[in-house]
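Below you'll find a set of structures to go through.
One chain, chain A, appears in both complexes that follow, with chain B as partner in the first and chain C in the second.
Let's turn to the complex of A and B:
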């Protein structure tokens, strides 16, 4: 571990990216994510990487995908309006199976909304924003230190599964400065590259892992990349069997490893009667609310997912089995609560506490919700 | 002419292009240019968008990226900045490059990234069934301009010169020898090179405007037998169909060539 240092969430993201081996950044300015770009442009060149400010967010993710196909570990960062524009290329990266990391520092929406205020309004867009059926890997840190860790994890998952990974946190986490000790060395995963004869190379033929090896453009394997449904040669086809099999594989390469991807922290759940479900900055408020509620004699606990998608259904179900009530607190008008209800499957009562007014949910607010028996909000 | 089979994915044939479409001539011309340049085949990356012209990249044996509609220059930017040793080229169409992708095209030109963009202009959206494009001449009939187009059209080369492209040329698919030479010149050019290639769409443009099939359209193109600039105030233009997709006064050849600083991304500069 390095010495303790006071850094901002967005800086931790940039540092995590570098630690993970990121060597390409393409982005477009947008509040409240711009500091990520500003840190990357200062650090990336010395680390041997390349930075480019593109003309918009569509182009940013296109450049990132181009760089990734050239062998780089590439990322971009944005916020709501830019994230909407990136949906086109998130879908492309899913279909063409191009590893990349997209950071969305959430602000109030819809549209231009509340540019400098936090929100968790994009959690469903992160899952379903691009058209068509697709898997999604979405990580949600709650602190500056966790931003660093999950940025590294985002790159590793992207490389391992050949898919875009979304790091989702809100404005408060992006702009909060906290004292952190960053690891000097992190575990790094690199994409599998082919080693066979280039003449026999089938760019979309996968082994049992479901993830085909990916060479870099220019390394002797000449291959075709397309967003159209394609066969193992990577060539477009409208054969329903082939298209269906491709989509199946693109899903199962992620869903088969859900246990390794999903993650959730639990806190004081063992004897809890009421569980708070919260992620991101709300997870911090909820943790404090658990402590204060316990001081007031209420057996509260917390489940805090750090992987939002795939949704940690098993962890939530296990937590729900122990309690009478689950209170879902989120800075939106009710998005993850539907997933919690599904996972809980009637084992416990599920109530929501939501607000989408640009104000973070506070510990005192949640203590009030817990003591009142849950529910309410805006 | 070179034997270009080395550069073809014959297994991917037959191609999707219609009979009479000149895009095949352009593909051949491009491969001839690559052959003239004797570039390592493994070091060529060709990026395309969406549309008839963009489908060419499926049939040529390089590293090929068939991206999203209009975004090819942005994909190509990331590719080139990440791998400066690659020869990066873009094949796009007039709808792809000048409508949905106009923003990416002008910024790639402005940055002067070392890449070559070939824009195949057939004056119409072919793949989606013959809708009007930003290049459809005023008065011309398309499926979305059944009474004749009432919008003015882009001059792609002027646009590119204005955006700062350091090499700009216009060639005709009807003149494949010159086309290959100019493409090779564009690839050799250090910086952003833009080549508008006037192609045809007999299936839609030719049929809707009753100007004949591929052979006739190429012949008109070669003769520059144009007569499109009918003032919008003349109501009669609705009946007056253009005789060629090549507007009057269209100049061909290299229109701009300048040596300017090439953008390679924000990166650690190698000691000179």
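Let's turn to the complex of A and C:
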């Protein structure tokens, strides 16, 4: 471990990316994510990587996809307006199976909204923003230290599953500075590359893992990349069986490993009668609110997912089985609460506490919500 | 030490964000844990700006001020907006030149703005003068650690001026009539 340093969330993201082996950044700075680009442009060239400021967010993710296909570990970072522009290419990266990391530091929306204020209004966009059926891996850190750890994890998951991974956090997490000790060394996963005869190479043929090996352009393997439905050779097809099998594989290569991907922290749930469900900065508020509610004699607990997608349904169901009520607190008008209701499946009452005015949900606010029995919002 | 929540609030251009960051760095140098958060509008100057600093002996849960122990208000707007968030027994440092209506019992008045102007000819070191006041008035961090944090954070060419601003802020407290 390094010495304790006061580091901003966005800086931790940049450092996590470098630790994970990121060597390409293509981006277009936007508040409240700009510090990620600032740190990358300072650090990446010295680490032997390439930083390119693109003309917009569409081009940014295009550059990232190209760099990844050329063998780089590549990322971009943005906020809501830019994330909207990136949706087309997120779908392309899913279909072409291109590992990459997209960071969205959420600010108030819709449109340009509240540029310098926090929000959690993009959690459903992160799941369903690009068209068509597609898997999504979306990670949600709650602290500066966790931003570092989950940035590393985002790269590792992207490489392992050959898919875009989204790191999603709010402005407060991005701009807060905390005293952290960063690890000197992290576990790194690299994509599997082909080692067979180049003449027989089928770029979209997968083994039992469902993930085809990915050569870099220049390795000597020829391959075609397309967003159209394609066969194992990588060429477009309108054969329904082939297209259906591709879509199925793209889903199951993630869903088969959901248990390894999903993660949620639980806190004081064992004897809890009411559980708070919260993520990002609200997860921090909720943890404080649990402690203060217990001081006031209310048996409260917390479930805090660090993967929003795939949704940690089993963990939520297990928590719901123990409590009478689940209070979902989020900085939007009610997005993840639908998933919580689905996972809870009637085992506990589910109520929401929503806030979307650009201010974070505070511990005091949640203590009031818990003591009042939940519900409401601004 | 128990958790202390400090909010430094004023207008963009007063160095409020930098001051908060320096305070958090000084807290870490003093052996405490600390967090810092900045809130500002889309403008680079003139809009409302604030820094929250939380200092504690152990792990910090919520990293923002929720129940403010010490508010440094460098504008009327900041005083009015954040007065309701001050915890019972909390204190306020103001400059009555910026917030003339701030005369609650828990409020102490220091000539932060004029002092900053005297040191720098402008308002840029206002936040650092306020840190000098804060340290002399409330402790919270070691005086030497605060000096070290100021010296490390500000550009080299402005280091002497900022250290002078810190000293002048401290003297506002030591010279104040009780």
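We adopt the following convention: the second predicted complex is superposed on the first by the 378 of 378 C-alpha atoms of A that agree within 3 Å, B and C clash if a C-alpha of one lies under 4 Å from a C-alpha of the other, contacts with A are read in each partner's own complex, and residues count from 1 in each chain.
Note that in this section a contact is a pair of C-beta atoms (placed from the backbone, for glycine too) under 8 Å apart; a residue touches a chain by one contact, two chains touch by 3 or more.
The structure displayed is predicted, hence computed values, not measured ones.
Asks: Quick check on the superposed pair: does A:246 touch chain B, chain C, both, or neither? Answer first, second, both or neither.
Replies: A:246 sits against neither chain B nor chain C.
Asks: Touch check for A:49: first (chain B), second (chain C), both, or neither?
Replies: In the superposed model, A:49 contacts chain B only, not chain C.
Asks: Which one hits more chain A residues, chain B or chain C?
Replies: When the residues of chain A touched by each partner are counted, B comes out ahead.
Asks: Could you tell me if A:218 is touching chain B, chain C, both of them or neither one (first, second, both, neither)?
Replies: After superposing on A, A:218 lies in contact with chain B but is clear of chain C.
Asks: So in the superposed three-chain picture, is A:288 touching just chain B, just chain C, both, or none of them (first/second/both/neither)?
Replies: It touches chain C, and chain B stays clear.
Asks: Once the shared chain is lined up, is A:362 touching chain B (first), chain C (second), both, or neither of them?
Replies: Touch status of A:362: second partner only.
Asks: So, does A:236 touch the first partner chain B, the second partner chain C, both, or neither?
Replies: Only chain B is touched by A:236; chain C is not.
Asks: Taking the complex as given, what residues does chain B use to touch chain A?
Replies: 9, 11-12, 41-43, 45, 47, 57-58, 61-68, 71, 74-83, 85-86, 103-104, 107, 264-268
Asks: Note which residues of chain A are touching chain C in the complex, please.
Replies: Touch residues, chain A against chain C: 4-6, 31, 115-117, 143, 172, 175-179, 281, 284-285, 287-288, 291, 360, 362-364.
Asks: Please output the residues of chain C touching chain A within their complex, sorted ascending.
Replies: 21, 24-25, 28, 33-42, 60-64, 66-67
Asks: In their complex, what parts of chain A are in touch with chain B?
Replies: Result: residues 23-24, 26, 41, 44-46, 48-52, 54-56, 58-60, 62-72, 74, 88-89, 92, 216-228, 233, 235-236 of chain A touch chain B.
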